[in-house]
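The following pair of complexes shares a single chain, chain A, combined with chain B in the former and chain C in the latter.
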Partner chain A sequence: MSGTPAIRVAGLRFEYGEGTRQRVLTLDGIELSVRRGEFISLVGPSGCGKSTLLYIIGGFVPYRVGEVVVNGARVTGPGKDRGVVFQQFALFPWKTVLQNVLYGLEKQRVPRAEALDRARGLLRTARLDGFENHYPSQLSGGMRQRAAIARTLAVEPDILLMDEPFGALDAQTRSVMQEQLREIWRSTGKTVVFVTHDVREAVYLSERVVLMTKRPGRIKEVVDTAFPKTGEMTADPRFHEAVAHIWKSVRAEFEPGHG
Partner chain B sequence: MASALRPVWLYTPLLLLALLWEGISRAGVVSAYALPPLTNVLAAWWSLLVDPSFWPHVFASLGRGAAGLAIALVVGVVLGVSLAWSRAVNMLLGPVVQMFYPLPKSALIPLTIIWFGIGDESKIFLIFLGCLLPIATATYNGVRGVDRNLLWSAASLGAGRWSLIRDVAFMGAVPDILAGLRTALAMTFVLLVSSELLISNEGLGFLIRSYGDGSQYPQMFACSMTVMAMGFAADQAFRRLAAWLLRWRG
Partner chain C sequence: MSRLRPLLSLLPVLAVFAFWEGFARAGILSDFLLPRFSVVLQRIWEDFRDGLLLEAIGQTFYRAVAGFGLAALLGVSVGVAMAGSRAARWFFEPVVSVGFPTPKIAFLPIFMLWLGLGDASKVAIAALACFFIITTNTYLGAVGVDRHFLWAARSLGASRTAVLREVILPAATPQVLTGFQIALPIALITTLVGEMIMGGGGLGGLLLDSQRFADSVGLFAGIVEIAVLGTVLIRGLALLRRLLLHWHAEARPVTS
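This part shows the complex of A and B:
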């Protein structure tokens, strides 16, 4: 079992609006394998299909051509083995923070007392105790995203799919959240697929950075970034080399003639 | 100081209107038949309010309005959610809804009377018809506008089909449903009174017509004012309810 990858994508080709005039070839020939417990980032020019690939792995967007296999089973829809975190948090705005975190536990029929215990514990870890009965609209962006991550972690998915989760946060909040995500990853050993357009963030957080071409998205290059990291502001030359290399490669996708 | 005076300023326009009404009527600018002095109307109103035979008409109207609106709310929400959620339902019922939408429902009053007689059922049915589509279309738009990331989040947290519909699609549509309900509430009073005016043997609309036919204009005005007061109270109550239901909004 530990030999099978957490995620395997093979020969994936995807069009939006298939069979219509406005069809858009979005992904073409995607081959990707993610080890159990690995942290990878997807980077590439805007519109290249990073989110689409993540949504297909999540089972939200159905695909026809190719294979997407999670934990040995072909993806046919969403599942609680794959938790998602979106840029705009996607908390249920009509539920309080606690009710949001409880939602998945209720759907899993976790007994009430145990669910409350777990939810409160997660909120404490997310430093949201005292905000349990606040609505998302009453929280800052960073707090909302911590609540959203707590909600996702509550059902204990072994894979986290994150679509630019820190993209809407200010710089300070973002670096705090990066630390916390690394800590979660280190302590839980979850597999993480992280979409970002921030190359430093990608290099800092992940063990491999997957670079995509402009649309139709293909995998252009996979960069190994598994060296020890001290922080995004590190002086480690490997960090800077990786960032510079990836930047150059992404920028090449914007050359004249490209959208 | 200013805040203590606010209620006074708030009601000044109403007071001016009342004075104008009284003045025009007393000065004989229009005949006292066409516009009885306000003080006469208020006196007539008072004597109606203390007359026990007046209240059954009020309750008859209220009951019809509440029943028609309540049925329209339930059916309209179910219809709107189904239209938004299911392509099959949309293909089947979408064209019917679109055809029916622009029809003024008061045009159906004679038909409802043929079908249901002159009692409660014809009024309730008419109000139901009139309120159904505003509520259904508002619900439809609300469900269509629900953020797909909310649906996806719920699905990955283990929500099945019914949970998605109830917990996310419906809940996400609540602000729109309330907006549709407010339109429907105003529609309720319009259809209630016009159907009672036309053919009925009780209710406020019936009283308005009877007093009008009997040339008892102060009483007739007093009944219209009762309708107005009920409409105002219903809208105020609705606004409070809506504010409470939407307390999660920033």
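This part shows the complex of A and C:
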């Protein structure tokens, strides 16, 4: 079991608006394998299809050419083995924080008492105790994202798919959230696929950074960033070398045609 | 101060009534063309005392609300189904786009033929008038739901039908209620027109009788009564909206 990768993508090609006149080749020839328990980031210029790739792995966007295999099974739709965290949180605004976290547990038919226990525990870890009966619109951005992550973790997915989860947060909140995500990853050993625009964030959080070309998105380079890290503000030269290298490579994608 | 505010908003209405009274007293128009507001009020009071008014209001209220309720039930179901199913969309989209701009009151003679002159035809015409508005608003609200909500629910283990009921419907509630708020006055108008054409009691029936007997005070009394009933119904729905959307940012008083 430990030999099979958590996620394997082979020969994936994807066109938006297939069967219409305005179809756009979004992804082409994607080959990617993610180890169980690995943290990888997808980085690339806007519109390179990195979010599309994430949502194809999530099972939300159907694909026809190529193969996407999660835990040994071909992806045909969403599943609770893959938890998703969105940039705009996607908390249900008509449910309280506690009801949001309980939703997945109800869908999994977890007995009420146990579900409440688990949800309250997760909210404590997310430092949201005391906000259980608040509605999402009453919380700050950072609190909303912590609640959304708690909701995702509640059903215990072994893969986390994160689409620029900290992109809507201010700088201080973002760095606190990064610490907490690293802590979750270290303590739970989940496999994480993390989409971001932020190269420093990608290098800091992940073991490998996957660089994509501009549309149609192909994998340009995979950079190993699995050295020990102390923080985004570290003086470690390996950190700065990796950031500089990836930056240069992403910038090169902008050059022709992009002002 | 805040307790006075609702009264304050009544002031312009009172001013219109005062102007009416003053203008009628000036004698430019005869009492028949424009009776005094105070005389009209007196008539409303008499109708109320005789039990005539409450009976008529009850009939009109029942017909309008029954028609509206029927349309709400069907319209929300069809609107959500259209958002969730390709087959439902294929069938209802052309039907709705033809039905929406058609003046529904044109069906009244046919409904009279089919359902007779009693409550049934009036309820049916009110329901038909509301159905397309509620369906369209529900459908637009439901297809406009952020797909990330749907994806979040699906990845947490919700089935497609559960998503329809537990995510799409509540997320579309603000727009569904907007549809209700547009449809309810239309239900009232349609009911009234039905009563004025067919008779059979209700406020429209009272108007019809006043017209037949050239009773201009009765006509003006009818108009005031209808205005009051309409206002009460619409205020009630606005209150319902605030209760249902307590989670929504629009329902919360602005702080800081």
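Convention: the second predicted complex is superposed on the first by the 257 of 259 C-alpha atoms of A that agree within 3 Å, B and C clash if a C-alpha of one lies under 4 Å from a C-alpha of the other, contacts with A are read in each partner's own complex, and residues count from 1 in each chain.
Simple rule for what comes next: a residue touches a chain if its C-beta (ideal position, glycine included) is under 8 Å from a C-beta of that chain, and two chains touch if they have at least 3 such contacts.
Predicted, not measured: the structure shown is a model, and the values here were computed from it.
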Room on chain A for both chain B and chain C (clash or fit): clash
First (chain B), second (chain C), both or neither touched by A:Ile149: neither
First (chain B), second (chain C), both or neither touched by A:Leu181: neither
Touching partner for A:Gln108 - first (chain B), second (chain C), both, neither: both
Touching partner for A:Gly58 - first (chain B), second (chain C), both, neither: both
First, second, both or neither for A:Lys80, with chain B first and chain C second: both
Touched partner set for A:Phe92, first chain B, second chain C, both or neither: both
Common interface positions of chain A, toward chain B and toward chain C: 55, 58-60, 77-80, 82-84, 86, 88, 90, 92-95, 103-104, 107-108, 135, 137-138, 151-152, 154-155, 157
Chain A residues within the chain B interface of the complex: 55, 58-60, 77-80, 82-84, 86, 88, 90, 92-96, 103-104, 107-108, 135-138, 148, 151-152, 154-155, 157
Contacting residues of chain A [partner chain C, same complex]: 55, 58-60, 77-80, 82-84, 86, 88, 90, 92-95, 103-104, 107-108, 135, 137-138, 151-152, 154-155, 157
Complex interface listing, chain C residues touching chain A: 146-149, 151-158, 162, 166-167, 170-171, 173, 247-249, 252
Partner chain A, residues of chain B touching it in the complex: 147-150, 152-160, 163, 167-168, 171-172, 174, 247-250
